[in-house]
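What follows is subunit A paired twice: with subunit B in the first complex and subunit C in the second.
Presenting the complex of A and B:
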């Protein structure tokens, strides 16, 4: 049996996993611990994990320190959701087209998408600013949503295309023979079968949309009410002090929606990323 | 009605011509089987009739309408795929109802049609199951159900049984034949399995390299193959071929000399100017006898396979090289079918007898000489 290990091999494996998980989770743990302490206790030496004065106070006081905090959180969620919806609306039909149809320039387009991924948003931020300016979109939600969607489309197409290529073509042919048109096939046959793949793309897009909004919001937006959380929490930086504990509390609350979605949909992510074939 | 006419149909993929000119007339209600080795173009031909492949040249005519540029649904055909092509996310009911939903029929109408189809195919109990929960045979029946609800004039089957195990295949063959009788529809069936072809077909179309090699009833093909390809393809084990030299013709036949030096007159229609040519004598393994023959060959048995009902004996070809050929398809081997309890052991010398009336004769181009034997199928009722 290939998956049988000796006891000491199990120990090695678990040590490896422990190191990896520690690196991944330590920032979250530290953020959580900081959020639990009063501001005066954060920089105390020597470092203690558990201190006596721990409380959830920061989670309540942060709403007063930054009154618009709930708006920033809603904005973040709204922007990331809009990015996801717009991106999916483009990705699903184009991934199907790239997976199934032979057309001129198909491979060139796919290569181009990869190239865009390599460049990324930060490099293009100045030209994008000019573009947003001439379109009159500065200081609107659109200025944060449109670039966000645009930069997630290429990855989405690549991900979903490889998933859709595994759907047996005979399913589409059977539907075609039965009189279904392309849109009907996409809706009734391809969409349901590709759903695990689509959910993976949706989650990846949402997380990317959530993460990259900072850059676009910082550059394209100066209206406070439109700011997403990553920009909004800058207001915890006061003139004299930085309210680190409240800042961390706000960050954790801001991450929460993504975390919850991830927990509920993680079985799809695993299934989607590892699916060998669509079961016939 | 379900008439189908193919007129000089051609298909090329790039520079490669796959179908090189196929013409065929199919009457309403016929069960036609396309058979041939892999790569002969039989599936492509079926997909051209279905409308899944463009037609490079020629015409497909269904019920007197040229359908070359019509989409599949307008051609009045339904197709059953080799992989079943069931929608995994829909239950059996929805799978069967799919074409009706596309047509936007009323729910009541869909209901009655699906239940009728399910009854014919004995799927009523399974209507709420997903395809993944069904056995191979049941899945195949669902695929057929999806085809029959549309009440097409022509059914197209693309190797529908090749994913099933042998026992299930045998019973599905019987069910398909029954279905054909019940539905009174034209069926075009593609297979590489000659047993399926022989058992189900009204007429078999043997395809070879993009051409039709021969069209005929199963027994016509068996008893009167028009060429060496059909002779070798139909029948299992394959027909044996022996190179012979033509010694001359008589009124009743052609006199040939075997590699062993013996001479035999075969009752086939003679032709002029063939004296001295090398011809191929064909003899089916089941027509090789241990006694009571016109001519005897002495062979050495290499391999003996005992199937219970029969014994299959492989020997080196008369006058050919010793031992087995490198290419297993090469006809260097001589096969003989004997009684299941025949006392033959490997390595034993065998006296195999042939009757002249059982032999087929082919010229250097592979074309058959017409046999003047009283054929069995002339005594069979017309099908």
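Presenting the complex of A and C:
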């Protein structure tokens, strides 16, 4: 049959996949191995993968050397969630406008939003710093949330607009004919029907907001209790004695929650990232 | 046109208002301010004066052209690898073999975890004495002794690219995988019935049909790679001796580390200028290729 492979083809495919998966996961394996060794064992030469002195000690002692680890994890989730909520609040009405209405300058507005992708946060860091300063937002969560949200808007609008364009317009028209006003339609017709698309955009936004927490937190925040996970751990690098095994343990524990969530939601993530883009 | 348009035509603008307000505040105004600052001598000193094109003249008289070339070189190599590995990975994960759903899950973590955390781990991997790569390299006899990847100009340059490819590939792969899955199955069946080999079908059916997705993803990747900051900053801070200083790292160093806001702004403006020109050039080439492909197949319009 068409999808039947010969035995040697199976071997090629699995070898290829094995190389690919190894490249993607090797760093995590390395982090795990380092976290299992005592500090003296890490710096042993020559390199060995399995050593006799392996233990989970670092996972207990790290709570002393990185005492705020749980706070960093919570901060990361709080910032990413807030980014997602703000982003959705502005993306949903805009996506509806682009998907359903004809108005002057529509393409120009859409192009303008997409052009935001070209400007990275690091390019604007000087005026953004001054802006946060004059708004009095330095060293608050807002300084990490608001810029983070703004940069997720273009992709959100793009994905959700494509999703809404595939929804038949008849339901909205029926509600309109029945005399519902447009805000009511947005709330009671569009929101429920577009929910699968909205969930997908929410997940994509959350991951972006979670994965890219570094620059804004590094520059706009100097209060340790507000730091997200990456910056919280980054501070421990460059100290006189870097406790590598504990830092690796802390990193792994720090990313564990999001990995668990990912395993449960991966179906939506894959579907969502591709829904808007491919059909265009 | 549809019923919802009604009589009042300001309504769509009302819907756009929240998104416009947010992006104006965080992107448009700071961008305009960056352009303004680039014509000043702004620094920690509270007095700032307009200095015309002095900043631009100064940076182009220095090492900046070298940085621009390096940035494009870094970006092109990185994006090429992301696309090649992405296409190959999507092909493999598209094969109907047992366990493929598991493999699709397993390749995504580099994209899910905070970029900075992944890069911390890579900075350990590149360690010559104790890291995995040097260690295994010594076992296999590739390196005679410990090899410190981030200590030499050449290897640091490629090491930052490898990490960037690692971070960027999962998204490219999953996107192209979806593109491959949207290729209608009957096309493959028809070709298969006619006796076309698997490779032939890939080259003549899959590849042409996923080309638009590849082209889109390549541009997006190029833009993201061009603006990539965290990876290089954490691994090398632009060193050793400037070998991994891309435009964005260079801007950050000038503006934030040395507090030369005016000069940093001029460098930032050049990032936007070069990235916009590159994208425009890309679209131009794309439309020419698309036209040529249509002419070739005889499909007019």
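By definition in this document, the second predicted complex is superposed on the first by the 256 of 280 C-alpha atoms of A that agree within 3 Å, B and C clash if a C-alpha of one lies under 4 Å from a C-alpha of the other, contacts with A are read in each partner's own complex, and residues count from 1 in each chain.
Note that contacts are C-beta pairs under 8 Å (C-beta built on N, C-alpha and C of every residue); 3 or more make two chains touch, one makes a residue touch a chain.
Since the model is a prediction, treat every value here as computed from it, not as a measurement.
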- Now for A:131: first (subunit B), second (subunit C), both, or neither, which partner does it touch? second
- Message: Which partner chains sit in contact with A:192 here, subunit B, subunit C, both or neither? Use first/second/both/neither.
- Response: first
- Item | Per-residue touch tally on subunit A - higher for subunit B or for subunit C | C
- Message: Is A:168 touching anything from subunit B or subunit C once the two structures are fitted on A? First, second, both or neither.
- Response: first
- Touching A:97 in the superposition: subunit B (first), subunit C (second), both, neither? second
- Go through the superposed model and pick first if A:263 touches only subunit B, second if only subunit C, both, or neither. second
- Touching A:177 in the superposition: subunit B (first), subunit C (second), both, neither? both
- Message: With both complexes superposed on chain A, which partner does A:56 reach: first (subunit B), second (subunit C), both or neither?
- Response: neither
- Of the partners subunit B and subunit C, which touch A:14 in the superposed model: first, second, both, neither? second
- Item | Intersection of subunit A interface sets (partners subunit B, subunit C) | 173, 176-177, 278-280
- Task: Name, in rising order, each residue of subunit C that touches subunit A in their complex.
- Result: 1-6, 9, 11-13, 15-16, 18-19, 21-23, 25-27, 29-31, 33-34, 37, 85, 88-89, 92-93, 95-97, 103-118, 120-125, 129-132, 134-136, 138-139, 146, 166, 169-171, 174-175, 177-179, 182, 188-189, 192, 213, 216, 220, 223, 226-227, 229-230, 234, 248, 251-252, 255-256, 261, 264-265, 268, 271-272, 275-276, 279
- What does subunit B use to touch subunit A in their complex? 50-52, 71-73, 77-79, 81-89, 98-99, 101-103, 131-132, 146, 150
- Query: Which of the residues in subunit A come into contact with subunit B in the complex?
  - Reply: 168, 170-171, 173-180, 184, 188-189, 192-193, 278-280
- Taking the complex as given, what residues does subunit A use to touch subunit C? 2-3, 5, 10, 13-14, 16-17, 20-21, 23-28, 30-31, 33-34, 42-48, 76, 86, 89-91, 93-94, 96-97, 100-103, 106, 109, 113, 116-128, 130-131, 146-147, 149-151, 153, 157, 169, 172-173, 176-177, 182, 185, 207, 210-215, 219, 228-231, 233-234, 237, 244, 247-248, 251, 254-255, 258-259, 262-263, 266, 269-270, 273-274, 277-280
